[in-house]
Structures are given as C-alpha cells and as structure tokens.
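Chain naming follows the written order as A, B and C, and within any one chain the residues start at number 1.
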Amino acid sequence: MKLKLLNDKVFKNILIITTSIVLLIGVAFFITLILESTSSISKFGFKFFTSTDWDPVFEKFGALPFIVGTLLTSFLSLLIAFPFTFAIMVVLGEYFTKGFISEVLRYLTELISSIPSVVIGLWGLFFLVPAVRFFQITFGLQPYGVGIFTASLLLAFMIIPYAASIAKDAMRLVPKDLKEAAYSLGATRWEVIKQVMIPYSRSGIVAGILLALGRALGETMTVTMVIGNSHFIPKNLFSPGNTIASVIANEFTEATGDLYLSSLIYLALVLFLITALINLLGKYILKKIQINH
Amino acid sequence: MKRMSKLNKIAILAVLSIGLFGMFLQSCQKGEKATTDKVTELLGGGATFPYVLYSKMFDVYHQKTGMKVNYQSIGSGGGIRQIKEKTVDFGASDAFLSDEQLKDFNAPILHIPMCLGAIAITYNLPDNPQLKMTPEIITDIYLGKIKKWNDPQIKALNPDVKFPNLAINVVHRSDGSGTTFGFVDYLCKVSDEWQTKIGRGTSVNWPLGLGGKGNEGVTGLVRQTPGGIGYVEVIYAKQNGLPVATIKNKSGNFVSPELSAITKAADTQIPTDTRVSITNTEASDGYPISSFTWLLVYQEQNYNNRSEERAQALVNLLWWMIHDGQQYASALNYAPLDPKVVKLAEDVIKSIQYNGKNILK
Amino acid sequence: MNKTSFRRIKNDTYKLGLILLTIISTVPFLLILFFVIKNGIAVINWEFLTSLPKPIGENGGGIINGLIGTGILIIIATIIAIPIGIITGVYLAEYPNNLLSNSVRIVSEIFQGVPSIVVGIIAYFWLVKPMGHFSALSGSFALALILLPMIIKSTEEMVKLVPADIKEASLSLGVPYYRSILKVIIPASLSGILTGALTGIARISGETAPLLFTAFGDSFFNINIFKPISSLPLLIFNYSISPYQAWWAKAWGISFLIVIFILILNILTRILYKKI
C-alpha cells in the first residue's frame, strides 16, 4: 500500500515536471529571441520599423520593406481567399453537411492543408510563375513572373481550407430552432444563411480569418520560392519583394556580421510576437464560442 | 465509441515505443563511436561559385580514399559565418576576408586558394545574340540608369544586334555571396559612384532588381525571365546554354571569360597569404571579372575538442585538392592554379598546426 | 408572387455560385496533384530510390540520402515529442485550471502558430551552436517543437472525452490513480491521440524551413544523428531553385514520394478516426 502511494506521488511529480519543462521551453524560446536580438534592438530601436535600408556593407538595417512585403502578401492572400473560404464555409456548413459530397469536399480540403509548402512552392515555380509571366507580357508589364502577387495567390490557396474549416464549424453550431423559425416565416435558404446563420457565426468566421492570417504571415518556403527576394518596398502588386520569413530563410546562415545576424533575429522576434498575438486572439474567440454552446 | 480491445492498443503502443527507442539507442551509440573511431567525414560549407568543381573533386576523393566530404553550397557569406561559428571543418569563400574581418575571428584563419573562376555577365534576349559590354554600361544597368535593352549606349556598342524594346530585368544574388563580392569589387574599381553609393561586400544594398539564391538561383531567374541579366560563375551560364558577354578590360580589349583569359588575369604579384583581388586586371588579354576562390581553415586545428586525426584528414584533403584535384578544373571551366600559386598554397597548408605543432612536416 | 419567384431565383443562383466557387477552389489542388504525379512518376525508378546524388552535370543518381534522412528526422522528432506531449496533455486534462496548466496551454497555443522558420532559429541557438556543428538531432528537435503542441492538444481533448465514471469506477475499485490513468484513461483515448500524432507527423514530414539551418544537408549516406543529414523537403528546395532540368525532375520525383507518404498517413488517420 505504501509503495503504491509513493508511485502515485512519483507519477504526479512526473506529470508536473514534464509539463513545467514545456512551459520552460516556451519561456526560454522567447528569452533566446530577445537576448540574441538585443544588439540590434539597442542600436536601431523603433527606427528599425521605419527605415528602408538593409545594408550589410555599412551595417544599417531597417525592416520596413519586409514588413510591407509581409503585410501585402498576407492581406492580399486573405482578400483572394475570402470568396472561396466563404463559399466552402456555406457549402459545407449548410448545403451539404452530410453525405457523399460533403465527405469528398471535406477530405479534399483536409488533403490540401497537408501538402507541404515546399511542394506547393515547386508547383508555383513551374506552373504559376510562367502563367503570371505570360499574363504580364500580354499586358505589357515587367515580366517578372515572381513577386508579391504570385506569392499571395499561393498563400491564398494554402489558407483557404484552414480558414474554411474553422468557419464551417462555427456555422454548424447555429441552433436548429433559430433556423426553423426563420424558415417558418417564409425565408428562402439563402436568406436564412445571410440573415440568421452568418450574423450568428460571425465571431467564428473572424477567428477563422485571424488564424489564417497568422499562418499567411509566417509561411516561409512557398513565399521564398516565388516572391523574388528583392529588398525594396514593392511599387505595385506585381513587383518582387521579400517578407520577414523569406529574408530570414535567405540570409540567416550567411549573415557575416554580428549586427546583421542580430537584426535578422530582431525580425524573427517581431514575427513571433505578431503571430503569437493573432493566434491567441483567434483561439480566444473560438474558446468563447465553445463556452457559449 | 467503437473500440479496439484495450490489450491490442497497449501492445501496439509498446511495440512502437520499444522499436523507436531501440533505433534511438542504436544511433546514439553510432554517434559516440564516430568521435573516437577513424574520421570518415569532413564537413564544409560556403561558396556556390566553385560548387560544380568541388562536388566533382569530393566525389572522386570519396572513391579514392573513402573519406566523405559533405559540402553544402550555402554561399560565401555562409562559409565565412559558419567557419567563424566553428560549425564546419572548412568554410569556402570567393571573397577573401578583409583585415577587419580577420580581427573579428578570435583565432588566426588561413586562406587556401583552390582555383580561379570568372564571373560572366549572362542575359536572356531573343535569339541570344553575342553582346559586347563596357564597365560603364554594366554599372549603369546595375544602378538602374539604363532601363531598356534598346538603349542607345548598348546599341552603339553592338551595331549588328537588333534589340527589342524590352525592359532590362536585373538579377542579383539574394544571399551573401562571393560572386557578388567579385562583381561589386569590380564595379567599385571601375565606378566611383558605385564605390561611394553601394560599396563592396558579400551582400550589398542593391539599387534594384530580383534576387536569386545562389549561382543556381540567379541562372534560373535569368533563364526564365525575358530581358533578364545577371552575373554568374561562367560554368553556370555555359551548362545552361546561356550567352555570356565579352567585356572591355582595362587595356581596352573585349575579352570573353575563357580559361586562358582567366589565368592571364591572375598573372600578378600574389602575397604570401594569397589574399588578392584580381578584378580589373592590368593584363592586356585578361578577363576583368576573375577571382580566386579559397577554402578557409583555422591555423590551430585543436578547437572544440577536435581530434588530431580530424585535423590530419583535413590537411590531407587540402593537399590533394591543390595537387591531384586540379586536373578536374579545366573540364569544368575553372582555371587551375598556376604552379607558382600552388607553391604558395603548399606553404599555407604546411603552416596548419595541431597543439602548436605543424601537421605536415 | 413575382417577388417570391425572384427570391427563389436569387436563392438558387447563390447556391449554384457558391458551389461553383467551392469547386474552383479545389482546382489548384488537383493541378498540383496532377503535376506531381505526372512529373514525379517519370523519374521514379530503382536507382532514384537507392543511390546517392551524382555531381552536377552527370546523369543518374538518386535521393537515398534524403529518404533515410527524413526517416531519421521524423523518428527522432516523434521520440522526443510523443512522451512529453502525452504526459503534458494528461496533466492539462487532469488539472485543467491551475496556474501551471493555464500557462502551458497558452504556450502550447502560441507554439501551434509560431512560424516554423523561427523554431529553426531557436534550434540553431540551442543545439547547433553549443554542439559546434549542424546535426540531424537539431533538425529533429525543431520538428519536435512543431509536433509537440499538436500532441498535447489531441491528448488533452481525448482524455477529457473519456467519461468521468470510467475513471471513478477504476478509482473506487482501489486502483491507484497512476494506474487508472495508465491502464484506463490513456488506452481509452489512444486512437484519438494516435490520430493527432499521425496528423502531426504528416505535417513535419514536409517541413523545410526549420531544417535550413539545423539538419543542413549531406550529399552522402548518413545515419548518425550527431551529424548533418539530408532530408527530402530540403532536396526539393535546393533542386527546384537550381537551373538544371535534371534536378527539377528530381524535385518532382521527391514531391511525389512525400505526397504519397502524406496520403497514406491521411488514410491511416481516417481509419483510426472512424474507430473513435
């Protein structure tokens, strides 16, 4: 009996210690980022975000072009993704909630989100880039092929299933009696969707969009492969650019100066904080929805 | 809930975890062994410029000696960074370290020249005509002053070529690169404006253009982009059927990046530590954008608990590369080292030490 | 009457339009699948699967280094992440509302959204720099950090799903707490946990960004986890941005292998999922 009691204690200790390790990793993760970026933070401070210099020769670093590139690609991809996300959400959340079509669609969207980003980048490089270039030549634009627009298209495609599956779950939570009340008033199905279901599941949709945004902000490989890696604020949507993630992927192993490296980690810290905030917000909204049901 | 029998599940989990744990243990043991046993692998990283030659050399070396040399072409900037961080046995760079950079290392670092290469100006135009270029035109293109292929300056120099009204798509490296260093080092020598505005380094603040990762990436972008222009190690252009421009050198001759022209460019006084820039050469038939490429190693090999065997293996490899390895260079469009330079390189390799004692006697 | 029929038409148009958009949104996916299969099958043969890469410009050669590398990276990552993940998940489910579990839950949620490239940086500073060289282990560690929150989450949810009476019944029979957890709770939620683990493994098998500066790559055969190692996604990246057609073909071949692997994991996951 005594032995068993001891085991219980040991067992609980194992639980606590392991869980604490996870917590420790999380805290240490954050601290490492801060420590390693200190020299850049103290040198550039907030000017880091407003300067467009990225000059390893004269050791002047400013992140504005990458921040603009990151925001442009992310929000453009959200914009492109939105109609499709909305469609999938309604189709799976209301029109086909069960049965063969729903299964097939659900399976397809699940598969899309599991295709590695480097494979999507590969396809982008050899199919989408020539296609965009053809379009640019036809319309007399600089035929880069690669650039903000191409990257956003690929990103949109990657975040659609993710955002849609979260939003769809929210739609399915709409209570039956609410819908039936609307039907009994003579509303068509579309009217029910538009006037009852969407307002009801609004916060779920917002959460889906937020979490998708978090994903688009941090996506690295696909973007690195098709964005053109150019250190300027993009002039238009077809210009080449760079995102925070792609600049880190390109330059981390080869940054020769300490300040250079530190500035890259400063970028990583910024990316970390933004995505963490967006994710927590998205998850918080989802949790609130769950509690309400 | 439909359930498998509990026993089944436990059995599956047990088998899985035992299997995985076993593999883990096994690989751990192997890891320990490797540090005490004979050294069978060396790790290097850096320049993409000589990667074609190195991958050939290391393949042959593996067949001859069984020694695996794992070389990753991450860019010269990467080569310098990683040898500084001591994560590799040798770094590779086409840019020699400046006096200031040498001071940043807390231990003496050696440059061992491996071969010579040329940086070619390659482009993508309809029918790929043979073009002539002057330093001024190249500088202006990379400063964004010449924007179209049918610019009068380019046309005047190449009267036989019919240029389309096509924008010039400037391509440069997105990563830290010795090819970039060689190229901008040349631009600095021929243009004061470049020298003051942009400067030289393995990465610079480009006024315009697309970035490609590695010589491979730049070649790929130029090949895929109509109107593209880029600077790459000459082999990358040749292997991909891209044209290369002939460039006007200091003596006023238009020279194409042929082996003989590269070798001639190196015909100058070379210091004993072999750190020398040979761009914009005085030689009348020399190609103006040529460069040595180096491997970087620490003079004192006993760091990070490295074994003496490992240091010995590294020295053997270096010795082989500057002697037997040289025969593979010309076939791949790199100029082999001149006997005079091989002699200098030998002296550098002989100065490598372990615990203060020379490894090669 | 007129208005009603207008509303009905509007209703039908919207339905049709939305279904159409949904179908369009799957087109890129089908295109990718088509490209991967068409270009991938063409290069897959025995030599491709079993030999090492050749120097640039020489024909033939394969990707066995990447195949072995990816296998090792995934196995080690799983070994690191699964026990920690399950134990933490159990703790979160059993003690849902104290300070520790609440903070760990936040950490785990943040980790789920951390860009994988940032995880790579951390692995570089924690393992690559102190060890003095790139290694498979550092790559696995980065992958494990990505896998961990997924396992924590699925464990927590699955354990919570186990009806409270089962545990109480077991406890009231005098079975000690730890045995109730190990022998009753975990087995009851095992297929759910495995589903989560498989989904996570599918995800890390294609991860590239965190390996760029940890696993690094190796053009030779290597099974030593303390040395740099190649991996399939890294090879795809390196090959696809190269200017060589032969390498592009290889990139497609590798993509084919990864996609097949992920499809198999997906099917397995679904089989397990149906069992819950």
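Here, a residue touches a chain if its C-beta (ideal position, glycine included) is under 8 Å from a C-beta of that chain, and two chains touch if they have at least 3 such contacts.
Every value quoted in this text rests on a predicted model; they were computed, and no experiment measured them.
Student: Stepping chain to touching chain, what's the minimum from subunit B to subunit C?
Tutor: Minimal hop count between subunit B and subunit C: 1.
Student: Count the C-beta pairs in contact for A-C and for A-B, then report the pair with the higher count.
Tutor: A-C
Student: Taking the mean of the C-alpha atoms as each chain's centre, how many Å separate subunit A from subunit B?
Tutor: Subunit A and subunit B have C-alpha centres separated by 35 Å.
Student: Between subunit A and subunit C, what is the separation of their C-alpha centroids in Å?
Tutor: Centres of subunit A and subunit C (C-alpha means) sit 16 Å apart.
Student: Using the touch definition from the top, which residues of subunit A touch two or more other chains?
Tutor: Within subunit A, residues 253 contact more than one other chain.
Student: So which stretches of subunit B touch two or more other chains?
Tutor: Where subunit B meets two or more other chains at a single residue, that happens at 45, 212-213.
Student: Two or more other chains touching the same residue: where does that happen in subunit C?
Tutor: Each of 241 in subunit C touches at least two other chains.
Student: Along subunit B, where are the residues that touch subunit C in the complex?
Tutor: Its residues touching subunit C are 1-4, 6, 9-10, 13, 17, 20-21, 23-24, 27-28, 30-31, 34, 41, 43, 45, 51-52, 55-56, 58-59, 62, 68, 70-72, 85-88, 212-214, 216-217, 219-220, 223, 236, 239-240, 304, 332.
Student: Could you please specify the touching residues of subunit C with respect to subunit B in the complex?
Tutor: 54-57, 72, 75-76, 78-79, 82, 128-129, 132-134, 183, 187-188, 190-191, 216-220, 222-228, 241-244, 274-276
Student: Using the touch definition up top, name the residues of subunit A that touch subunit B in the complex.
Tutor: These residues of subunit A touch subunit B: 53-58, 129-130, 133, 137, 142-146, 224, 228-232, 240, 242, 250-251, 253-256, 261.
Student: In the complex of these two chains, what residues of subunit A are touching subunit C?
Tutor: 4-5, 7-8, 10-12, 14-16, 18-23, 25-27, 29, 32-33, 36, 83-84, 86-88, 90-92, 95, 105, 107-112, 114-123, 125-127, 157, 160, 188-191, 193, 211, 214-215, 217-221, 225, 245, 248-249, 252-253, 265, 268, 271-272, 275-276, 278-280, 283
Student: Which stretch or stretches of subunit C touch subunit A in the complex?
Tutor: Its residues touching subunit A are 7-8, 10-11, 14-15, 17-22, 24-26, 28-29, 31-32, 35-36, 83-84, 87-88, 90-92, 94, 100-101, 103-104, 106-118, 120-122, 124-126, 145, 148, 152, 176-178, 181, 199, 202-203, 205-209, 212-213, 233, 236-237, 240-241, 248, 251-252, 255, 258-259, 262-263, 266, 270.
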